[in-house]
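In what comes next, chain A is part of two complexes: it sits with chain B in the first one and with chain C in the second one.
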Partner chain A sequence: MARYLLWRVLQAAVVIFVVTVVVFFLLHQIPGGPARGILGVQATEDQIKAFEHAQGYDQPVPIQYLHYLGRLLQGDLGESFQLNQRVADLIGARLPKTLVLTVLSTLVALLVAIPLGVWQAVRRNRPTDYLLSALTLLIYSTPVFLVGFIFIIVFAINAAWFPVEAPQADTVAGVFADSQALVLPVLTGAGVVLAVFSRYLRSSVVDNLDEDYVRTARAKGASEARIVTRHVLKNSLTSLVAMLGYYLPVLFSGALVTEKLFNYPGMGLLFWNAAQTSDFPILLGVVLIISIATVTGSLLADVAQALIDPRTRRVKA
Partner chain B sequence: MLDYHHLSITFGDVEAAKAVSFSVRPGEVVAVVGESGSGKTVTAMSAMGLLPRKAEVTGEIVLGGRNIRQLTNKELRELRGNEIAMVFQEPMTALNPVHTIGWQLVEAITLHQDIADPKQKAVELLTMVGLDRPEQRLKQYPHELSGGMRQRVMIAMAIACDPKVIIADEPTTALDVTVQAEILDLLRELKDRLGTAIVLITHSMGVVADLADRVVVMYRGEVVEQGDVEDVLIRPGHDYTRRLLAAVPRLGSGSRQAEAATEPVLKVRNLVVSFAGQRAVDDISFEIGKGEVLGLVGESGSGKTTAGRCTVGLQKPTHGSVELFGQDIARLSTRGMRPLTARIGMIFQDPASSLDPRMTVAECVAEPLVLHKAKNHKERITELLDAVELGSVTRDRYPHELSGGQRQRVSIARALALDPDLLIADEPTSALDVSVQASILELFLDLQRRLKFSCLFISHDLAVVDMLANRVAVMHKGRIVEQGSRADVFGDPREQYTKRLLAAAPVPDPVEQRERRVSRG
Partner chain C sequence: MSGPTARRLKVFRRNKLAVAGITMLGLLVLFCFAGPLVYHTEQVLTSLADSKLEPGVNGHPLGTDDLGYDLLGRLMLGGQTSLVIGLAAGVLATMIGTLWGTIAGYAGGWVDAVMMRIVDAGIAIPALFLLVVAAAIATPSVPMLILVIGLVSWLVPARLMRAESIALRSRAYVESMKVMGGGSVRAIGKHIIPNAIGTVIVNVTFQIADAVLLVAYVSFLGLGIPPPAANWGGMLSEGLTYAHDGAWWLILPPGLLIVMTVCAFNFIGDGLRDAFDVRFEGR
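Coming up: the complex of A and B.
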């Protein structure tokens, strides 16, 4: 297990390195560049040249990358042009809030998806199953921003049950204090993955119900309810846990849109605004964090599955 | 105890069971025999009330005075596992992979019994089915046990609530013969001790002869014959039963002699194959002469398939050499191998998965001809299909439109397409019903005599090898423990393991089988 982990961590490091290279070079292909973004359309050619020289943007891209990598290895993510703050501080302040949003969204999605998927599997191929499948598929195929807009119009503007805007507090505690404002962003985030989770669980439970061990349980005299909750669910959840890890990037990109929509000051909004102004250091920093989260997510998923599933657990000598 | 009265079961327009009637008395083993599709499993399963919803049932199934068909779901659940229990064929998939043995045993106990210490009872059950260190076993997961041990756990679960009847569906089919003999002994012992009636569903006449008191023979959903085991197996009344019995390969019926030594087509020297440090094949050497059939026998995991794969270069040996037609294959490039592979044909166990589902019969058979740029495909295909006795109507059919036996004939035709000098056959008949197996073996024997190809015939079935082989090599745990002429190895085995293997294979004659069992001790 230790050797396997070390190997996976090494793999992850390589992946992250490649991601930074690709993103760095792609960013520098964007026309206009950071100088135009920061100095505005009114700036003269000379002003732009001076800015680019000061930031080192007139050097060849590979050299720039080496400088960036050197600073990165010392833990320096650089400084935002627009906000005049260190990127590490900016991300540090917003990451916890994005985590709150994604974790809550995932929990809500799971709380709905697990019973829904199981229920659909048990009543498979009947009208209620088809209806629910159609409904979850509809949510799944609707773009996040549209789902968010519909929520805002229906629940915030028409019904006025919840505020239009997400909590604006700086701290996580402050965010939780304003829990009513959190409801719509969390529901929107949950909508992104709800259908994926419930459909996955449904088919997994359906497959498992056809397994021989279920026939054995029936032959023992176990009730259908017991078969689903005690026999099938543990098998199905094992694979759902693995899927969670792989869906981390999807959750993150969902947060990007959700945060913009509800003006929630998390990493997604930070990234969004930075993208508008070509604020390279922020963009690079956020991409780095997300790529780290992605590879750790899939690593954790594999490890978690190995721990839950006794077949992949190391056999004791 | 258990009575089937005019039971009919239909699925749509398929009649799986037609007016089946038989009864099972306490402490008696009734074997329900038949080939695949005979309706034996569906019939037996109906007593559990566990048929698929779309099944339409008429007739009566009476268990302990109650008609099962009139019970509610709740009443049926109280019956299952309690008064009537099941043992299934595949002990790996029949146990839940994510729960411990202990959890699953305790469940079987507590679903029907209110006892203070179900764990203690679970330990007693495991002891009763002959598992060592029962306390430790409770904490293990199914994948940590061998096939035989898992089947013992299944049996422990079945007897957990002292059922009146146990339905055992092919309980030993997935097991090796030596393990099969142990499990059959265990079932016999438990039946005598607990007085449980057993309905034994099987296709193996040897198993029937070993365990059954009475036999019910089913054919296409109907009971064609039933009676005491000795009557049915020794003096069969129905034509189908006679045909079925005649198809069973019997040890000692072989007649082929070892041929005089010729230039070997295949020469394997000190072959070793390791997987992750484990020796799957451990220093084996053998030769196959021109026109000779070598039977490579052994139980699962003995390394016989790996050895076979090495001989055609599908598996790289860790040590040792393989010489094909006088050339060391380790020294050949992939391109250099090609003229040699043209001289080798292969037949695999499962014709359903070794034929491309999107190729017609003619295309399957033509493929080696195309690959090796042979001429006159059309005539050759006709010739080959004639040789394996497949009519020209099958030419344009796809594998799924054929029966298992027909598919294996296509495999044989494909293997023979290039008129090979050496044929590697890995368990070619073990997925087939006995009557189909018999016709395939006859065909094979006839073709081999006519075309005089050499053959490495890999099988776990000693009786099949006895029929075909000139010489036999016995593999055990990666090694060849004994090798010699068929007559010597089967008639006068020297090694303990060969003797055990021969003694464990049940024969389809109840009187003879009883004697064998006694002498086995």
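Coming up: the complex of A and C.
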């Protein structure tokens, strides 16, 4: 177990390093450079040169990368060009709000997906199973923003049960205080992963029901309900937890779309606004934070799975 | 006909949803590519006097959009773009992923470790965020969207093909070919990829479905292809901005066509997966 843990942590560190390289060099492909984006089309060549010199953009890219990495190790993500604030502060203020949205959406999705997937697996290959499979695929195939938009039309405009806009508060406490406004964004976010989770769980339970240990349990006279709840579900939920780690990028992408649709001032909206103004340090910072979150998430998920299920503890490349 | 192909066809045909998927896709292709041959409309010059006409008014069966384009004709034109981008990006992603994963798995050792850490890093960066950046720095066009979506979507196929490659490289026929002096290129090109073709084919269909959705998301985030070009995602997101006028006909048709296309490819993918008897995590 110790060897597996060491191997996985080392692997995660390498991946994060590769992410910094990829992201840094990718964003340096911006034509015209950030200077033009910040100073505008009317800036003179001299002004551009002065700005690039002040920001260190006139140095060779590999040198810039080393400087960037050095600052990063001190927790410095740079300063936003447009908002005149430290990127770390900007992200720090918005990340918790994005986490509120994604965590609540995931919980809602799991609450629906787990019973649905299990029920479908137990009654597999019957009309209700086919119907629900088609239904979850329909949800999967619908763009999230269309789902959210239908929610707005039906529940916010026609029925007026919920506000059209997400909570606008600055703090997490403020967001929860405005919980009425949180309902539609959370439901929309849940739509992103609900279909994926229930489809995954259905096939996982179906696979597990074919395993030898289930046959043994059946031979010993255990009821179908007991087999599913006591034996199969434990294995299937473990692999679902492991999958959650890998689905973090999907959840964050969903948050980007949901935050834009409901004007929820989280990290996704910050990122989207930064993309409109070529705010280079924010784009870099957000992508990096999300990547670190994803790598850490999959690491934790793998370790949790290894703790519960020794079969997954093999050291793999 | 006999052999594996016939057996696969039989399994595929037994899957009613898969057959429905093929039928839907056939109708969609017919609508988008043969439709304009029968139903002629003006899709370049705007006609602002005819802006946002309701369905049925002035000989426009599905009404017109904010620029006065006939919506039915525009759905055909936009569908061509959406289908072409989805198809090309899905194929491109699968090609890159297949080569990358097969080589990594076949080489093993350090080459494999380095190649797969790059894949891990790519998976950690959400594709949509990369697309937003890419579209913010370059004006989106059809070739650019194909390239960018292809370049952010090859990671999952790479992982799947690596696993296939590792399983196949130690098979007796690959080993004996190496003993006879066959090189790595021959092993990968003639033996490993052809034997993992099921995984490749199933993956292409799922990749195309996801690419069609990605185009819609990119358009929603305001980074679609500018007019007079059209695509369903762009039409849908534009329609949403006129929802307060009650212009439902700008939203419903493109939305339905996107959902139908993505469903069709997923149904086909499910059927092919059963026919080739390959496993897909998360599907």
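Heads up, the rule we're going with is that the second predicted complex is superposed on the first by the 300 of 317 C-alpha atoms of A that agree within 3 Å, B and C clash if a C-alpha of one lies under 4 Å from a C-alpha of the other, contacts with A are read in each partner's own complex, and residues count from 1 in each chain.
Just so it is clear, a contact is a pair of C-beta atoms (placed from the backbone, for glycine too) under 8 Å apart; a residue touches a chain by one contact, two chains touch by 3 or more.
No experiment lies behind these values; they were computed from the predicted model shown.
Visitor: Aligned on chain A, chain B and chain C: do they clash or fit?
Guide: fit
Visitor: Name the contact category of A:3: first (chain B only), second (chain C only), both, or neither.
Guide: The answer is neither, since A:3 touches no partner chain.
Visitor: Looking at A:213, would you say it contacts chain B, chain C, both, or neither? Reply first, second, both or neither.
Guide: In the superposed model, A:213 contacts chain B only, not chain C.
Visitor: Spot which of chain B and chain C makes contact with more residues of chain A, would you?
Guide: C
Visitor: Between chain B and chain C, whom does A:18 touch in the aligned arrangement: first, second, both, or neither?
Guide: second
Visitor: Using the touch definition from the top, say if A:141 reaches chain B (first), chain C (second), both or neither.
Guide: second
Visitor: Just checking: does A:149 make contact with chain B only, chain C only, both, or neither of them? Give me first, second, both or neither.
Guide: A:149 sits against chain C, while chain B stays out of touch.
Visitor: What's the minimum Cα gap, in whole angstrom, linking chain B and chain C in the superposed view?
Guide: Taking the overlay as described at the top, chain B lies 5 Å from chain C at its nearest C-alpha.
Visitor: Can you list the residues of chain A that touch chain B in one structure and chain C in the other?
Guide: none
Visitor: If you look only at chain A, which of its residues touch chain B in the complex?
Guide: These residues of chain A touch chain B: 211-213, 215-223, 230-231, 234-235, 238, 308-311, 315.
Visitor: Within their complex, state which residues of chain C touch chain A.
Guide: Answer in residue numbers: 17, 108-109, 112-113, 116-118, 120-130, 132-133, 136-138, 209, 213, 216-217, 220-222, 233, 236-237, 240, 243, 251, 255, 258-259, 262-263, 266-267, 281-283.
Visitor: Can you name the residues of chain B that touch chain A in the complex?
Guide: 48, 50, 77-82, 85-86, 88, 90, 93-100, 107-108, 111-112, 141, 143-144, 154, 157
Visitor: Within their complex, state which residues of chain A touch chain C.
Guide: 11, 14-16, 18-19, 22-23, 26-27, 29-31, 130, 133-134, 137-138, 140-146, 149, 153, 196, 199-200, 203, 243, 246, 249-250, 252-253, 256-257, 260, 271-272, 275-276, 278, 283, 286-287, 290-292, 294-295, 317
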